[in-house]
Amino acid sequence: MDNNIITLSKVSKVYGNQIKTQVLFDIDLNIKSNSFNGIIGASGSGKSTLLNIIGTLDQPTQGAVMIDGVRTDQMKKNALAKLRNETIGFIFQFHYLLPEFTAFENVLMPYYIKGQKIDKKMNARAHELMDLVGLSKVKNNLAGNMSGGQQQRTAIARSLINNPKLILADEPTGNLDSDTTEVVYDLLRDINKQFETTFIVITHDRRIAEKTDRIIEIKDGKIFNDFSRI
Amino acid sequence: MTKELIHSRFSKALENHNREEAVAIITDALENNQISIQTLYEEVLTQSLNSISSNRQEQSMPIWEEHLSSNIVRTVVELTLPYVYQQRQQLEANHTQPLNRKKAVVFCLEEEYHELGARMTTDFLTLLGFDAYFIGANTPKQEIFSAIKHFKPDLVCVSVTNYFHLTKLHRLIEELRTIEVLKHFTFIVGGYAVHNSSDVKSQIKADYYVRTFDDLKAVKEAIR
Amino acid sequence: MRLAFRIALRFLSSSKGQTVLIALGIAIGISVQIFIGSLIEGLQISLLDSTIGSSPHITISAAEKNDPVEDYLTLENKIDQQYSKVSFMTPSVSGGAFMKTNDKTQQILLRGFELDLADDIYKISDKLIDGSMMPSSDDEILLGISLAEEFDVTIGETIDILTATGEVYPAKVVGYFDLKVASINQSWIISPLAFSQNTLGLTTDQVTSLEIQIDSPFDADILATQMLGDNLSDQIRIDNWKDQNEQLLSGLSGQSTSSLMIQVFVVISVVLGIASVLAITVLQKSRQIGILKAMGINDKTSSLVFLFQGFILGILGGILGILFGLGLLVVFTKFALNPDGTPVVPIFINMKFIGLSGFIAVAASTLASIIPALKSRKLSPIEVIKNG
């Protein structure tokens, strides 16, 4: 029984048309469900590219990508969009909230995109999530009207609204101060435990790395190290 | 006093944050030759440390308390130093050949703050006849290089507690091996992370992986 | 769909200044289009009215020149029954004769009509000079005002109408008319049909011509051709005002064409302007679109956002444009006045036209947003993230 939520086979990525740059070389990687994984690497090592491919924001030049049992490297745009919406949550270094909408609306946005009406239950869930991340008081603030930490926490709540099986985070605490970073990484771990969500977090923050079950280092487009806690 | 009694009394003192009591128990035992350094470190101090370590997934003790306890243990370790040399003397009393002490350099990697294991290893190496130099925790890469160049040790020992640092370790070993002048030493690694993570040996190309005093002894024999 | 609309609305309302500016741009274009269109239309109508509003659109006369139209009543009946587009019809007996007072004799054109029928066409009763009356008996006539002045004839005076053959028919002048055309005022004498028939030697079922006005003057040639094809009689010819007023027509159509061209170019410039501004909003919102796509919005929905933006802006701009346009027209009618207080150009407000302009505003805006909408399809979340 394969309890891998992600399987990468011989994944390579080459950029450029005339001048080609290879960023990933034959990556083989399996990620177990419910795991909390960290990815580290120098800038330019290819880690963000890897995460983007896992998240279907980018497609591999070669190789197979299997997310939650489906081959994403062969899927069409609309199917990929649906997968992203329902199965994957993203947390980036920059919050990427929609400034025209309130925090509460931003949190619900992936659900709006899913295309269903907001019923009482969903409304309650959004409130719950905002409370979970400690933002009960700023629900109706416009996204631009909050501190960086609050914005990032809103982004975290947003990534959870559709109950994704997988959350991908690219340096989620990169732009945050030390105190907020503490709060955020505790939050991520709690979410992993409470909702059984699989996490893949790119980080250079020791404190997040300490909370992971597995640490993978990418160097020059290849997996340089892969250590798991026993 | 038996080692079990020493252990239980020591643990109690630790629980009660009683530094004075803890130190007294140990120095007393050592003074009265009731316990060897090896037994003290491995079966009393390390056991006590493991029970308070936050390496476990479930944190049952607040960090300040953990620090308090490990610092008491640290104090004890520092106070055992004279007894370390004493015991070494006893062990080497029967040597007839000139002692050709090998050199060892012991440290933790950058951002690794759990140094007690390394500190105890230093004492073990001293016991085994090495000139052991403890550079400390949180050692930046350049300092490691510099220290090794300076001492030209026969043995380089690294203790890794946080498994996240294993990648650093891997890189360090790779880099050290490329420097010609630093090529001729034995690299040994130990620490919680080394023994509680997957695929360590296949990825870290260290020479030896050690846990106990006996492991160190075996290494000493091997590099003779 | 609903989400795209909601997002479009929010995008627009979050940058109110820009939205208002774009809507104003559309509004100005539409208001100019409405103003010019209504102005030219009003001009055409008043021109047409003054030219052929008071004259026949279609004239049926005998095929053979100088012959009368026989049995005109039957013909009239046929026309009445077959052609619903005919609004007014009068028989007419016209011919050259002489007018004689004590000291003067002059050639005139005697025009005899069924006066109440002819009034619908010529509106003679509106153009009578003070003190005049419409003829009530067969020997009463009206003189053109210039004719009356030249001959110094007073109302109530009797004058003689002389035929080419020398017969004399006295008639009592009961009024003067001013038909606003100098040559008519100088030469016409209007009389009841019987008088002219008598004077010019026609029988009671003969007339010189049947004069017809139709409800849409511009269709005169089409109806005339249709009438010819229907073979009402093989002894008639059918003329229409269009064939006889080529220069006027080309002038009018030239005016229409230029008006249309102006409107078209105004709309085109609105479309281009909006398209370029909306293309910029795509750029402005590219980050938001990238984020939305990362969250799983599909290309179709994201491009609909821009189409909806265009649509909403079109509605806003259209409403504003109609208001401005109507305002311009009202101001024009109030301030561009003749010395006598009437508007220089009477404005014709055609609700259908205004409605069409509103529709054009919405259509143009939506059209303008097609290219930005297509552009947004190409936005990929990865670019946003990399460049963010």
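Points to keep in mind about this one:
Per-chain residue numbering starts at 1, and chain names A, B and C are given in the order in which the chains are listed.
Here is the rule we use: a contact is a pair of C-beta atoms (placed from the backbone, for glycine too) under 8 Å apart; a residue touches a chain by one contact, two chains touch by 3 or more.
Chain identities (UniProt): A = ABC transporter ATP-binding protein; B = Cobalamin-dependent protein; C = ABC transporter permease.
From a predicted model like this one, the values you see are computed outputs, not experimental measurements.
Taken together, the touching pairs link the chains end to end in a line with two free ends.
Chain-level centrality, scored on Cα centres against the all-protein Cα centre, points to A.
When C-beta pairs in contact are tallied for every pair of chains, the largest tally goes to A-C. Comparing the centres of all chains, each the average of its CA atoms, the largest separation from chain A belongs to C.
One inter-chain figure worth recording: chain B and chain C are separated by 105 Å, centre to centre, where each centre is the mean of the chain's CA atoms. With centres set at the average Cα position, the gap from chain A to chain B is 39 Å. Chain A and chain C have centres, each the mean of its CA atoms, that are 68 Å apart. Of all residues in chain C, none touches two or more other chains.
For chain A, the set of residues that touch two or more other chains is empty. Multi-chain contact residues of chain B (touching two or more other chains) are absent.
Of all residues in chain C, only 3, 6, 10-11, 13-14, 287-288, 291-301, 380-382, 384-385, 388 touch chain A in the complex they form. Across the complex, chain C is touched by residues 52, 55, 57-58, 77-78, 81-86, 90, 92, 94, 96-101, 109-110, 112-115, 158 of chain A. Those residues of chain A whose C-beta lies close enough to touch chain B in the complex are 38, 40, 206, 209-210, 212, 215, 217, 224-230. Within the complex formed with chain A, the residues of chain B that make contact are 111, 162-164, 166-167, 170-171, 193, 196-200, 203.
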